[in-house]
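In the two complexes below, subunit A is the common chain; its partner is subunit B in one and subunit C in the other.
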Partner chain A sequence: MDTRIDFYPTHEHCGYKLRPGKPYPFGASLVPGGVNFSIFSRDATSCTLVLFEKHAAEPMVEIPFPKAFRIGNVYCMMVFGLDCENIEYGYRMDGPRDPGAGHRFDSTKILLDPYAKAIGGRDTWGAKPDWNDKFQYRGRLVFEDFDWEDDRALETPIEDLVIYEAHVRSFTRHPSSRVKFPGTFAALVEKIPYLKKLGVNCVELMPIYEFDEFENSRTNPGSGETMYNYWGYSTVAFFAPKSGYAATGKFGMQVDELKNLVKHLHRNGIEVILDVVFNHTAEGNERGPVISFRGIDNKTYYMLTPDGYYFNFSGCGNTLNCNNPIVRSMVLDCLRYWASEYHIDGFRFDLAAILGRDPWGAPLPNPPLLETLAFDPVLGKCKLIAEAWDAGGLNLLGSFPAYGRWAEWNGKFRDDARRFLRGDTGMVGRLAQRIQGSPDLYEKSGRGPTDSINFVTCHDGFSLYDLFVYNDKHNEANGENNNDGSNDNFSWNCGWEGDSDDPEVNRLRRRLVKNAALLLMVSRGVPMFLMGDEVGRTQKGNNNAYCHDNELNWMDWSLVEKNAELLRFFRNMIAFRRAHPVFRSRTYFRNRDMVGSGIADISWHGTQKWNADWSDGARVIAFMLCGRHAKEGAVRDNTVYVALNGHWDGLLFSLPAAPEGESWHIFANTGLDSPDDICEPGGEKQLVNQGEYFIGPRSAVVLVAR
Partner chain B sequence: MNIAQTVINGIAVAVVSGEIDGKTAPEVQSLLLPIVVEQKTVVLDMGNVTFMSSAGLRMLLLVYRHATAESGRVALVGLSEQIRDTMSATGFLDFFVIGGSVGEAIENLKSIG
Partner chain C sequence: MALNVSTESSGDVVKITLDGELDASVSGVFREAVEKAAVQKPKRLVMFMDKLAFMASAGLRILIFAKQKMGADVQIYVVGAQGPVLKTLQMSGFDRAVYLKDAYTD
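Presenting the complex of A and B:
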């Protein structure tokens, strides 16, 4: 029996039955018999709800909010009898047109609800938009009744994660992927067995919030190809999944399709982290389109200069005013929504240093947004990961306000690892810090090794294979005369720029890729690598492939066979890390014996045992992890010895003794050709000579004692 | 809208037809639920269903929930490729027993008990 008396209409407009709405939650919510619409604007003088039939050019009705339907600065109204699947909605707001004072109201525009949970208008990827349509990005209503059964966020301890950074479309768009609906959430489900076999237990998805691939799209003068906003680091709607990433987007079922992907990943023990872009929006600067925020409450949502222009700390035209209390609430509502409604396990925040700036751009010592997210109950078990810098020159690497919750993409791990791997001198001391989880960056402020997301490659910059194929970026295809993209790549082409026929060059390149994988997996902290690195994916030297919907970004699945050797190395290396708790800890090494084993938790060696060469000219480092110190002595693991030879000559290493009664067994040696380069964990063969071991040029070795 | 109902090998088979969307789903639901409540396990022959919207799929899941509440099952037969793909991509398919024919669906239902 319906016992509520407040879900019945009290008003009417053009045949549509209405009643005063509820201010919370913001957005459009299904209520018995109708829909509750609620939207904030501080400075609007009036607001009109605009309803369309799905895909219609003209509205079916415009319903002005009666004065009595505004509570404070919130316009709220229930509308009854709507066919929820077949309507699209937006708003008109009137108010001051005074850009100098920060106001850009324009009641001729139909505005997208910032809280819209699904978007129409870009239903299918790459379908050319009708730019004459007066309402480009249309709010839609969603059912929030997905049947999760017993699924929930996995809450994998962060020290146990191995993160795989992937782009939804790129992962399965290539014809070689052989999936039914290439480039979609559904196709990703088909590839879960691959991820599982690889051994990663977390995928970090590049932006999946609705964006417009046609934003600033243009034709490449050389190839005639369309260049897109392909990666999607430009959000249109923070609460809505990208329709074009869903095979069912054309039926408006992207919400269910993404939830189904998360459910299936979880079922296979794989967490989902979303790459979220809260630093700016797709509205650009004052010359950009009016989509949503600009017309709803420009002054609240954006950081503005004293004369009403847009601050541009994002490098993308505008900056979201994150530490304004309204915007802060929106970000919080958004993340809570994704955590609770989509069971998302964590978030990686693009250009997160911006989230620590005040409304005038100055860095805050105690940024309310970052603190709010860190202490939020709903987000209490989510991983929070910052890209701790921004495009305005603020770099908070190591000093990001963490509140015991925030981890960081460790750009220093990337740079130092690359430089060591290519053979630079002066890197040994720094690499030792990276191997230990970068205590030099995090320990003094009371943080731990899992605050360091270790990576050698990510979507920005070279792929791992290209790192050893190109000295210089080759971004000509981006159409900016190779001026875009970073110049600090710390790469090395092994003597020949680009693809090579020389078997020795190719051998060296494979070895360096393996060295990188090895270094990543034996280092304390949380390893992450880029989709395709495990099979030698190339971007042809392009280190800023943000605009290409083609092979420069797509994962070529024929590499799984072609570079099976690399894939096998990655798999076994990941399995080794996951098999040995000695690599995975929330605390730093103490560099001394804490458990009475007779040796330190970590000890340092060189070509001579117990005698690491820390001098500037050194290119060699070895270390031994004491198995009795695993998990601070709580569990017993094998003792492991790792040697990294960055020198171009092979060198003889004297080995520290294995623990009493045990002997060294060889797990990996990148100096040997496949299949002798690595074995499956547990299948290690005993070393004949326990006293010394020859390690080839630019090679790395892992020994395990038992 | 009407739903033809037969009993084959002791299992109820209901033939659903037409487009099932937000407008028609409530009616289909009102016709299917009594069958499920009475028979517990049911085969839905969807061969004449030309379109299923999100609301249609939710209606099916509701029917499934009613069936499982009575320890029954729901099998689907004759899904068009498009409906099947949509159900697969969104996870709805996972809840149902699927058969290529009514006979096969009944076999599959019986094999899982």
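Presenting the complex of A and C:
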């Protein structure tokens, strides 16, 4: 044991040796011979540390913080001689009980430390909690001795990313996944070869912070199944990985298991972005449980109405008071912790518009939290991605305060791409903007195409396959009379609602899925798609499957074989994008020749070459990317021609000439059946007729010149 | 719970045999054995676990410790792990960090 005098006990309580603690860092930190406990509360009148043996119903000791152990608004104390692997800790706080003034102290409750790095109490997914337990979510101590070897964040240039949005449990829970520990971080490691072969180089994990799947859980009256807080967009503890996602959760080793996942993803060139939910917490409104913040300092942590009720900009009962300096520091500490301790490559912020509101809910012109995150040194190389709207009606798409760092989920790409793909008119001009990385949204504020995360599907809404199988949402299984979920899906069922036996209908659906993949991969910006889209995963028309721990969410791995055709198309499209720098840039097209190649960086065409039809009735657009303009002329790439025919008829396209000495070769044509729909990059065959090409109904084509 | 730890060294190889159940209360004995082994600067550390019935997270922590204490050049073998012990190694991903063997011959 370290014998330094500054780690020598000076006080004692019931046999536990103590010393005044250090206020920083907040949370429980291991120090020589003991643990430093530190917690903030502005309005508490007293604070008590409550220690349990692991799983015990009653505390082993309660240690009130002596008066001398409070510094400002921080209670801090070192406790020596604890068996760090076998204790759980919480706090009691006393203070005013005056909800009208914003105070909801209750010393009968044992509170979770907001900085707890691991949580006991929900060790195994779906294991029914003991609701009589007086301490539901128990802070645990964490060792930071993981063997990272030489791992670090990959720092892949953002323009080179292909993002795969996945849910940890859903990805491997289905029996067809054939993994040792289904639904866990460990199982995801087993599936890395699949991701690598698919070609994605970034996984965006839906929430993995500790949440309670039993929050608002209920029984489906139809099926008798339990409906959970399955996706996890409701955080219990911001610093702790979800124990139930770890095969080792029952041993308290979720931290190591997640780190092991990150390390192995990195080893395979795959970045990890976490979907983080800082807009609200699992405590809900005034009728919700007292877990942590509410009992520690309600008035600091939550946005409150003048009479002490909870503002609900999140649609989930409460709103975290993110632009209060204390909360802002917590968010910053949290992200720094994940970036440094877990080597996380980036963060996607759920309902991020909330993070730009002041403590009274008004949008701020210069939100300190967003600015602080953008300029933070530890987060300096992390990707920061905003869902630029919230549930309170604030939509900052294109105007999110970016500080040169923030990218956005581009909801307009999703909507315009969907509408073009299903054959709406009036979309050609808008689609041209989306293909270029949405300069109409971002250029005027000095931003670039990589600020646009392009997607057609994400966890919210239809899966890609369902987008072309259902006109309407079918959320009956959610038990809310089909009232939940978005009504603006811009989907098209191809003439039949639901699964079809008609081979022509199914052929068309596959083609539309391929068109979407193609459009995503040839557009400037950062492509993202949803887990399973590459194999035609269905949610049976459910566009809000947040509560289902069943096949509505689970990835059915038998589709890998059944829809091998789609998987091959996705793989080759991704490989094509990654092989051709002409698609990937941090700057916008200028629509003119910048390098003396004789043609513009991007030129627009229609069924007639050099003559795009921008009229409202058009359903066709084609464009050519000049290979000599790749990376602003810094590298030489092939020239590529892409034609999108959204019309129900096949059309003859006259082709612009390939660069001198080169000829057009066909890479993809979604109008052809597999395996002629696409080839391996580099294996393209020369077109017989270099002047014209017939493109079938609702089909897309990619040609490459060489 | 009881744990017997015996150590044997020859040349560049240190062998540690674990017998019993490895939880937090007895993990110190194992840790001491690893620390002593590290002093000898072996090229290979072989841990026989065929008689180990159970390993808690405290045991895994010491494996992590061993790996870091010895350095990346030292080969670490875990031999004969089975049942719950093997499962714990696999779940935590530690099976990928060491040489996991059914049997060991010099």
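In this section, the second predicted complex is superposed on the first by the 703 of 706 C-alpha atoms of A that agree within 3 Å, B and C clash if a C-alpha of one lies under 4 Å from a C-alpha of the other, contacts with A are read in each partner's own complex, and residues count from 1 in each chain.
Everything that follows uses one rule, which is that a contact is a pair of C-beta atoms (placed from the backbone, for glycine too) under 8 Å apart; a residue touches a chain by one contact, two chains touch by 3 or more.
Note that this is a predicted model, so its numbers are computed, not measured.
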Overlay on subunit A: subunit C relative to subunit B, clash or fit: clash
Subunit B versus subunit C as contact partner of A:83, first or second or both or neither: both
Partner chain(s) touched by A:143 [first = subunit B, second = subunit C, both, neither]: both
First, second, both or neither for A:260, with subunit B first and subunit C second: both
Residues on subunit A lying within both footprints (that of subunit B and that of subunit C): 83, 85-86, 143, 145-147, 180-181, 184, 186, 189, 246-248, 251-253, 256-257, 260, 263-264
Residue numbers on subunit A that touch subunit B, as the complex places them: 83-86, 143, 145-147, 180-181, 184-186, 189, 246-248, 251-253, 256-257, 259-260, 263-264
For the subunit A and subunit C complex, residues of the former touching the latter: 83, 85-86, 143, 145-147, 149, 180-181, 184, 186, 189, 246-248, 251-253, 256-257, 260-261, 263-264
Residues of subunit C that touch subunit A when the two form their complex: 24, 56-58, 60-61, 64-65, 67-68, 72, 88, 90-94, 96-97
In the complex, subunit B residues that touch subunit A: 21-23, 53-55, 57-58, 61, 85-86, 88-92, 95
